[in-house]
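Here it is: the structure, laid out below.
Going in written order, the chains are labelled A, B and C, and every chain counts its residues from 1.
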Amino acid sequence: MKRLGFNQKEKTRTMNKIKLLFTAIVMLLVIHVSAKDYYVSDFGAKADGITVNTRTIQGAIDYISEHGGGRLVFGPGNYVTGSIYVKSDVTLHLEYGATILGSTNPFDYVKDPKVKWMSMIFAINQENIGITGKGTINGRGFITANNMMNYIHRGVYKDPLKLDRPNETNRPENIYFRECTNVRITDITLRDPASWNQTYDQCKNLYVDGIYVDSKSYWNNDGIDIVDCDGVILKNSYFDAADDVLCFKSHDANSICQNVVVENCVGRSSANGLKFGTVSRGGFRNFKIKNITIFDTFRSAITFAAVDGGIIENIEVDSVRSINTGNVIFLRIGDRWSKGKKPSMKNITISNVYAEVPIGKPDVGYNYEGPIEDNPRNISPASIVGLPEYRIQDVKLKNIEIVYPGAGNPLYAYRGTSPAELDSIPEMREKYPEFSQWKELPAWGFYVRHADGVEFENVKLVAEKKDYRPSIVIDDVKGATFDNVEFVEPESKGKEQIIQNKSTNVVIK
Amino acid sequence: MKLKSIILSLALLCFTGVFAKDYNASIFGIKSNGTTLNTTSIQKAIDLIHEEGGGHLNFYVGRYLTGTIELKSDVHIILHEGAILVGSTNIYDYNIETPNTALVYAKNADNISITGLGVIDGQGRDVAYSLLDQVHKGIINDQLKYDRPANRRPKGIYFRECRNVEISGITIKNTAEWVQVYDQCENLKIDKITVDSKAFWNNDGLDIVDCKDVLLTNSFIDSSDDAICFKSHDATKMCENVEVRNCVARSSASGIKFGTVTRGGYKNFKIINNKVYDTYRSAIAIQTPDGGVIENILIDSLNVYNTGNAIFLRIGERWAKNGVGSMNNITIQNVYAEIPATKPDAGYPYEGPIEDLPRNISPASIVGLPGHDITNVTLRNIEIVYPGGSNKTYAYRGIKPADLDGIPEMPDRYPEYSQWKELPAWGFYVRHAKNLTFENVTLTAKEKEYRPAIVFDDVKGATLKDMEYNFPGSGKKLFKYKSTEIIQK
Amino acid sequence: MKKYKIFIFSLLIIFSLNLSAKDYKASLFGVKSDGTTLNTGSIQYAIDYISENGGGRLVFYVGRYLTGSFYLKPNVTVQLEEGAVLVGFHSVYDYFEVNGTKALILADTVENIGITGKGVIEGNGHAVLKSIEEQIGKGYLDAGQLPAKPALINFNACSNVTLDEIILRDACGDVQVYSRCKKVKINNITVESTSLPDSKGIVISGCNGFTLSDSYFETSGTELSSNNTSKDVSVSGAVNSKGKKIKAAK
């Protein structure tokens, strides 16, 4: 029992760091307020929805950055632009009614030589920057992406057109900030990028508050991607995305995404809700995620994937509502692009979760629905799956209720619980990690494999209809506690709901 | 007499209309949301109404997206105020394998109409780009003349060999090519329409091709290519008995034009009380480069403002397989025209091309070919105000025999008033013409000119009466060269 | 001997065929002739693409093509067919500079470039000047920027430059600037730039091999300004609007 508990010192250190971060960001706020305002119209930008203002906006940003900083204010109207670079001490402020429209001509965008990606608003190596206000950034990405397709088909732009779409680096995002310090993104609405929506890559002190994201105009429309950042607050925001919605990544094996607070966010996705990965080279450390709602989401509400050699540790998730979502929790260690590094995952606490998993497709009717795949398969369970040599360690699940549809039909898809059947589930160490990757799994509630120290406390698993599978299967688990775990399933009297295979130190209270 | 019969038959048409059955678009599942593609539903509606003996298809307020629809006999489309028939931006939604693809197409249909205060919006620029894109990808073959698709751009309306046609009240805008074409139709009435079409190249406002008994009235036409245009595509047909009244035209090409394709010809035209403004080329261009016969044309009461040229009459020999055409008995009277020093259509989308330079402001011109005179032209009560101010260092054409003989005949060239570059007169240049009358003609040049007001070259018989010339300095008024029987009163 | 000659001749033909590089229609790159679309991004992409793929001509047909500054790259000729007008965008921020001079068409240290055809390059000088003055008035541009009004053409350290037939109109600054260029051949062009004061037709400095022939100038500034730092300058058949022959400065 002792070895299952959290390292308290570690936890306190994390909390202190996060408090420090808050103070720093509040100070930042104060500094920003005192800066001077400049109207972009004064530089001659036209809000007519036609004029491409790229160079005028850039001229204004350069001027403000060189003259002590300030806010570049966009009054109500539609400002078309191609790629612009935000510079130090400049905040783009979009007043209510102001919209920055992405040019629909892909040749109005730069593929930045450093980040090798296209974007409308770039910032590379800048500090004290932001995008604020109640206005909108609308990438018009559907048109831009299709225009790019046209140039590829004409043979004047090179792209392999994998999956019959241009590579996501050849389509502009709305925002791409890299190696920036003290970044504020507040209040704005972000719509319709051609690729991912917004990426903050290796930034320090990133503060995102009160933004509204509608991102389902084209493939790979993530909601927000926070990559290898240190010191992040993301709160009070709403995201609706075709691809992963609240997405933390680690592109650099020598960097890490750390000291992150996520609070009061709502997400909808045709992929995953809160996701670590898929690219997870360096890792993720010290996260405090509180009060998030995930709904109508095709894959998992929470996915933590350590598949590229990175670490995941000290992650606290508290208060989650997951409604009409294909899967609730998916923790996975894989071995995809590890290149000799050892992936790891430890000290994960997930508490106060209420979740409903539907029998139908959760994202039906949304643009760019998630792909129907990995069939035949009855409703998949939540899963915690390491590898034999890279084990998921110290996971605590507390105060959890998950309502499943049940109704697993063995004639449609079958995976039994005999040792031979359990052993036959492939490891799939190199496969792109998804909760559905193993097709049929042998449990309807939780499937746990290759883990050390798993604690279930006050967990209620409901199947609305009878399922042929048990609720929980643990396989190769060293140390598991089930404390006040309740199963509700029709016609299940006498059914053994926890099946163990090759597991030790299992305590059921 | 002819006109009376038109009116009578139109009245009959209206009368029968009263008994026609009314159908609302929605009964056929036609959606007004602007996003549902209604092509097949609208076609079904037309086919059914046609088979049931005819009637009205009513479109009420809303946006009705569609590809090509084919109108059939006795079907009357009513676009009520607020209804917009919107052209799909996908080129494959049009009948592109038919020559003369169009949004609204009809062939051999009788008693058809499009009326009401609604709109047809072709979304032509996006349609043209959609086609261009398919050409660049090699899916559709096209030689891309002038870097634009030469074929398959849908017109707004194309009616061929139809009888008893009425178009009234509607606004037609933004087509990918010519806005509306009535080809070999009989008994055509167009009234109170608005054309706003500057969406792409070759946006002619209205093309009437080899039609008989046409009445065009009370309409406003603003188009990037020729505004009101009479053509003759078929050497065995012609445009005849045409009346145009109370119309306003604006163009980045010519205002009222006969041609350019002029195989059969034109007979019995009355063009009365019209206005042309902000027009790049000629207010009135009558030309026959393709063998057509032009006869009995009356232009009366024409006001021209800010237009590159007032009058251009031309016989050419371009596609004249069966001999050169002729032009006889043209009366142009009660005309006031102002020609600017600057580009008349500056600022309009798809401005006319800057070409035929170097050239000072061109004069009005009447130019036949050697042995093919333009005959019996009367110009009466005419005033043309020119900017003057030509610079002979920039462009020069003198009046010495060598200069005048040096003007090329250019028989096979596409006819435009500017084709000879610099001409030797500032007011009128007349060559290869016979029996002209200039009566009460006032020519004004606001600034000094190095050229005479009028040059006659190879003119056989002309009477000039009550002429008035206003220009600074002491330039020549009339210069005659190789001309005979010129009587000045 | 004869055979040998034929052989050489055919080699020459093959060679010259190779030299007469490919034509690319502007619309291939999405360049729009509508007079309202700002084409800078597409034009620059097209020029870069043509240069990287062996060179050739970017051909503009009839229409108005709105653009800001773009750079010519090696072995690229802009061909403006009769009726094609390249129109300068009004905003000062859409102009880049080389060597301290802004221009609509820039080239820096490249060779084998040209602008040909009966089309027009229109500087929109008044509108650009208005933008500059506004920005100076608001303090966003130094008043010192005023002399750097954009030219139509500014080529720096380029060689084998050809201008043929084109009409250059209404520059905000000078019309053409050639600095330290080699083998510049300008033939049969028309320059009309009088709407703003002191717009010079051509300014050359430090050039080696400059030929101007059969051209017409109507400019508010000097037609041809040379500060005696250029070598091998020849001028023939160039006149101004008053019929005066334009001469090369010594």
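Everything that follows uses one rule, which is that a contact is a pair of C-beta atoms (placed from the backbone, for glycine too) under 8 Å apart; a residue touches a chain by one contact, two chains touch by 3 or more.
This structure is a prediction, so every number in the text was calculated from the model and none was measured.
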Task: Chain nearest the overall C-alpha centroid of the shown protein atoms - done: C
Open item on the list: Looking at chain pairs A-B and B-C, which one is connected by more C-beta pairs in contact?
Closed with: B-C
Open item on the list: How many angstrom lie between the centres of chain A and chain C, each centre taken as the mean Cα position?
Closed with: 51
- [ ] Report the inter-chain centroid distance for chain A and chain B in whole angstrom, where each centroid is the mean of the CA atoms.
- [x] 61
Open item on the list: From the mean C-alpha coordinate of chain B to that of chain C, what's the distance rounded to whole Å?
Closed with: 37
Task: Residues of chain C whose C-beta touches two or more other chains - done: 28, 36
Task: Sequence positions of chain B contacting 2 or more other chains - done: 136
TODO: At least two other chains touched by the same residue of chain A: list those residues.
DONE: 150, 154
Task: In the complex, chain C residues that touch chain A - done: 28-30, 36-38, 40-42, 44-46, 49, 68, 90-94, 131, 134-135, 138, 140
Task: Complex interface listing, chain A residues touching chain B - done: 150, 153-154
- [ ] Mind listing the chain C positions that touch chain B in their complex?
- [x] 25-28, 33-36, 59-64, 81-85, 118-120, 167, 190, 216, 218, 239-243
- [ ] Spell out the residues on chain A that touch chain C in their complex, using ranges where they run on.
- [x] 42-44, 50-56, 58-60, 63, 82, 103, 105, 107-109, 147, 150-151, 154, 156
TODO: Mind listing the chain B positions that touch chain C in their complex?
DONE: 125, 132, 136, 144, 146-148, 200-201, 349-351, 353-355, 357-358, 391, 393-394
